[in-house]
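Residue numbering begins at 1 within each chain, and the chains themselves are lettered A, B, C and D in the order written.
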Amino acid sequence: MRRRPGIGRTILVGALIVLILLVALAAFYMRKPAPTPSPTPAPTTAPPTTAPPAPKIEEIVIGMVEPLSGTHSIFGIEAKQAAELIIEDINAKGGIKSLGGAKLKLVVEDSKDSIEGAKLAAEKLISQYHPPIIIGAYISRHTAAMAEVTEREKVILVADALVDFLSEKGWKYFFRACPKTSIHGKTAMDFVYETAQRKGIDIKTVVIINEDSVFGRYTALGAYHEALGLGLTVLDQIEYPYDIADASPIVSRLMELDPDVVISVPYFSDGVLIATTMEEVGYKPMIVAGAGGCGYCDPDSISAAGSAVEGFTQTYSYNPFLNTPYNREIVQKFQERYGKLPTEAGGIIFYSLWTIKEALELAGQMFPEDPLNPDNLRQAFLALDITSGPAAETYPSGHIKFGPNGDNIYAMAVVLQVQNGEPVLVYPFEYAQAEPIFPIPGYKP
Amino acid sequence: MRALEVQNLNVAYGKVQVLWDVSFHVEEGESVCIIGPNGAGKTTTLHTVSGILTPLSGRITFYGEDVTGLPAWELAERGMSLVPEGRRIFPNLTVLENLMAASYMRRCRDSFEENLEMVFDLFPRLKERRDQVARTLSGGEAQMLAIARAMITNPRLLMLDEPSMGLAPILVSKVFRSIQRLRERGVTILLVEQHVPVALRVSDRAYVLENGRIVLSGTSEEVASNKKVREHYLGI
Amino acid sequence: MLELLLQNLVNGILMGCVYALVALGLALQFGVMDIINFAHGEFVMIAMYLVFWISLYLAIPGSLTSLIVAPIYFVFGLVVYKLVIDRIVGTYPLAQIAATIGLMVLLRNLALAAWRAQPRGLQYEVLRGSVTLGPVVVPISRLTAALVSVGTMLALHWFLTHTRLGLALRATSDDMQAASLLGINVRRMFALAFGLGCAIIGIAAAFIMTFQQVNPESGLTWGLISWIIVVMAGLGGVSGVLLSGLILGMVEALEITFWDPRASLAVMYSLFILILWVKPRGLFGRR
Amino acid sequence: MRASDLKPIVALTAMLAALPLAVRMNNYYVLLLTWILYYSTLVTAWNVIGGLAGQLDLAAASYIGLGAYTMGTLLTRLDVTPWVGIPLGGLVAAGFAALVGYPTFRFGLKEAWYALATISSVVVLQKLFLVWEGVGGPEERYLPARYGELYYLRFRGYAPYYYILLAVLVMVLLLNVKIRRSKTGYYLLAIRENEEAAEILGIDVRKYKLRALLIYAFVTGCIGGIFALISGYLHPHHFDTWTSLQVAILGIVGGAGVGSIYSLPATTFIIYSISELLRSTLGGWIPGIHLIFYGVILTVVVLLKPEGLSETYERLYGRIRAALLRRRAGGG
């Protein structure tokens, strides 16, 4: 038969291919027991041996992964700018003093706005620069993808993503200074409730509207549970896609439900769309309280929506108007260099990087023989209790202490309100710059 | 004056040559027909003359001007008008819109009203159906519209490709009666037709095209009396 | 519930008119040149940015910029036609699709590089407020956009049926070769159709910007909506496009009223597949 | 199948199998290579529909997402091993492909409608999975972190995935060669050249196009399952239009269906590397430069070299070979 030799050859070649693959796999696993290059010591640092004289560390690489391209690049780029500024500032102020004034070096990688990219970026940072600490990646699912890498390589991950579940995964080397989403939702609800009580106004009903990402949903859930806890009636929770072309169906629905309070978790442009549509159709509830770090009170939103967002509030993880010496200084520097006010994305980086600095400082004191060992570094993070200094001065509650899950126990969000076209701090009341306006202008009972 | 002069035309589709050294001419005011069997290259000849196809070699002169290789729309602007095989009226336009679209060229805009009257006079049927969408016309009406559309452009040479194709015998004679009337008005006509007896009746001279070559030419009477033509095309 | 339905239906009709105008440019190009421009949505997005900047720098309301943007975009259309479309028209269909997809990727990311992902919206606009008609509140900006859409469509319809140039365009769309035999320069008609299609996008963009914002990703949504309308309308002329737009707007409104606002795009595209399935020549198509 | 078809495959396999060792198993490079291999596999599979059948399919992300969700849901809910879940995912993807392909493959329907229907399907599925809380919803669903167990096919490093993908690539390459030599392959090429003529010759256009589509969708669905294993979770963002576009762009630029099948992995390798290089060097100044690059290269190639780059490679290869031979001749 003609075909016989052909089939024989196919089998032969197939077997050959399988063999090659097996050899390659075997080679991979043979290498496995051999010690993988320890991720901790930076190439510039001396090997962390048991040698009694403390190793001289000159430079510590801080890795950063942010979405620098794609839809979320608007946040990533600001985070990168903020990080460059702070690293400069830390170095100018003497670096890590307990490590003999070691300087910090920032290496930024683009997450390409995708999970593959975030993972790739983390691998690249670790294999090329061996940073002991990585900060990033703003988007929660990118952060989660990255955490898989950092946990494996034992690199501390300081997250600037807000979604709750990141701290519920049992990750060992994970820390987050910023308030998580449910705190944002809760803060928005608390603010409305307490303000109403102060003004002696009775509120009963709430409608929560949120964009449909996991971020929007967790924030909304925080507000939802708080509303139930405060004895309010939640009439409905409406989810919508963040890229809606037209907000009028949502506003129509709100008008029909006619709640006292609207808690809104906008993404970005949807917030402006909702506000302008409300103004157009002449509908205003007692208050529209935004939750979740970006939306109604961003400088861009105010300029795009104009009077439509007057009186709207929004929770933030950072307050650019916080009246402390360091915050004033850094906001001014940021404005001078980049020509705009730092918002959420930059602010989180401000205090997260200073927290990292404090942790390194503490590690130098606690473990002078091997401060950059991941487990030692982790101990230092857990032992932190920051109530003063730049980190505290830029953090809403002025207090950072990590719990066992890596979240800040004293996490807090602040509420800004648009008053006369400017965002001002109205909550917590003890820090407030101005009395909240309630109900908002244009409200008709 | 010579309206059209075609010299040594060679045309190919890809690698297949279909016309070999084709030469013929049409005098102003004359009516000439090209006859021949199916697949002889008659339509190809008209397509090449009207600029839809580009020849491999050869020369096409139109009223003394070399127009070889010009695109169809430029030739139309110079007064060449082809009524293509299968009519090709614009199906989604009304009869009147079909005629108006034909007066797009600047040089026939001013005479549009006049020409419109002329074609409605020639084809009163079209006048009745002026607001009807063209795709609802019958075959004969569509052929009349196609000719009328060509007439709107003030042609200095009117080329007709198989006007009798797909028409019932009564309609064929109707169409040829209108061609005859055009001829009487002094329109220069180049006709390609399989229906040889009627074609010879409405033309002054004739060419016979076989297998891509001109095999015979002369006045219509001469061609009609040729023995081979009588046997093959006239069936006598 | 009835009031909400009524309100949403009115919104749907108004948005439907705007959708139809956005799709009209694509429908014109498709009808005349038999080419699907995948970058259509990106054209809309770039036009919206143009409206934003012109309105910002000249300090005029977005609706007025249509007078400037439409001619600019007409020229833009001619340039794109000369550079890209002219080379691919009438070639292998895959090449046509691929080239316009390349254009789409290019424009979207150029916009991202130039303007970042930040949404931009216009603040100053004369068309504000709303009128109340019984239980229904109609925002003036959307009402104007819908009226302008219908007006533009009527104007285009008049142009296509009552001018020689318009007739020549339609003739080209019906039968390219026959048109060229009547002295119509087909390539010039293509360029004209492409330019006109873009000018219509310019008008649409100006009025969309009175109530919408733009970011580099907005193109995808507008593109998909336009494609659905073109498929639905088939080669049904201006009225087919308008009707298809209205149907789409109302389907969206009904979906939002009775199901989940998050699924509206999914429902719209399912409609698209359904039409391809049962009536591939479109609901109003003739050929 | 002939020996001449197999020789390059063996050579390619050996070369690719050695690559991770060449970069000394550095995690970053292995992961980078894994992504390159992932796209190579997708593009080579795409060749069946995009190259041989000449249909511009933009639904790659739909099939990937469906494959990922099928495998992942079975794994997380019912503890079904990926060994079963991956082929099941391929079947689901093929079923969905038939649903979109059947109406649009009728004879004479415009190619553009198919392209539009497929890219729309990605968005539809993304939105539907966002709403469908049962398996989707906006929250990420993580796969069990049972690393190193063959039952779960989860590994901490990337090399195992690299070799799994390599095995898939080899299979897809063989599949391509096999189809091209078969009756189906000849019919597909005939349809691609001239659908009308093929129809007149009595070829059932819809049947063969559908056959190509089903094969392609099945393979892509399987790759989607592997993708979910690598990324470790499920999310509606797996339905990503950019993935679809990227696959089609690489396929067109690589000259799918025209030249040698090896041009596709080669093109993927080159373009992905260049875009990664562009991003890491210029990405700081111009965000998204690597994406602009994709747009430019596609437009330029389609306008100037509509048959893709495969011929260019062949000429280059010929020239290099000639130069080498000359040198050897000169030296010896």
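Rule of thumb we're sticking to: a contact is a pair of C-beta atoms (placed from the backbone, for glycine too) under 8 Å apart; a residue touches a chain by one contact, two chains touch by 3 or more.
No experiment lies behind these values; they were computed from the predicted model shown.
Participant: So which has more C-beta pairs touching, B-C or A-D?
Facilitator: Higher C-beta contact count between the two pairs: A-D.
Participant: Taking each chain's centre as the mean of its CA atoms, how far is chain A from chain D in angstrom?
Facilitator: Chain centres of chain A and chain D, defined by C-alpha means, are spaced 34 Å apart.
Participant: Between chain B and chain C, what distance separates the C-alpha centroids? Give it in angstrom.
Facilitator: Centre separation, chain B to chain C: 42 Å.
Participant: Need the CA-centroid distance for the pair chain A / chain C, whole Å please.
Facilitator: 38
Participant: Roughly how far is chain B from chain D, going centre to centre by Cα mean, in whole Å?
Facilitator: 54
Participant: Spell out, as numbers or ranges, the residues of chain B touching 2 or more other chains.
Facilitator: Within chain B, no residue touches at least two other chains.
Participant: What are the residue numbers in chain A that touch two or more other chains?
Facilitator: Those would be 69-70, 73, 77, 212, 241.
Participant: Hey, what residues on chain D touch two or more of the other chains?
Facilitator: Residues 127, 130, 287-289, 291 of chain D each touch two or more of the other chains.
Participant: Touching pairs of chains, which are they?
Facilitator: The list of touching pairs comes to A-C, A-D, B-C, C-D.
Participant: Which of the residues in chain D come into contact with chain C in the complex?
Facilitator: It is residues 54, 56, 100, 102-104, 106, 109-113, 115-117, 119-121, 123-124, 127-128, 130-131, 241, 245, 248-249, 252, 286-289, 291-292, 294-300, 302-303, 306 of chain D that touch chain C.
Participant: If you look only at chain C, which of its residues touch chain B in the complex?
Facilitator: These residues of chain C touch chain B: 161, 164-165, 167-168, 170-171, 173-175, 177-186, 235, 237, 286-287.
Participant: Per the contact definition, I'd like the list of chain A residues that touch chain C in the complex.
Facilitator: 69-74, 77, 212, 238-241, 243-246, 248-250, 252-253, 255-256, 268-269, 272-273, 276-277, 279-283, 300, 303-306
Participant: Using the touch rule from the top, collect the residues of chain C that touch chain D in their complex.
Facilitator: Checking each residue of chain C against chain D gives 36, 38, 84, 87-88, 91-99, 101-110, 112-113, 116, 220, 224, 227-228, 231, 260, 262-263, 265-266, 269-270, 272-273, 276-278, 280.
Participant: Along chain A, where are the residues that touch chain D in the complex?
Facilitator: Residues 6, 9-10, 13, 16-17, 20-21, 23-25, 27-28, 31, 68-70, 73, 77, 108-110, 112, 114-116, 119-120, 123-124, 126-128, 140-141, 144-145, 148-149, 152-153, 165, 212-214, 216-217, 241.
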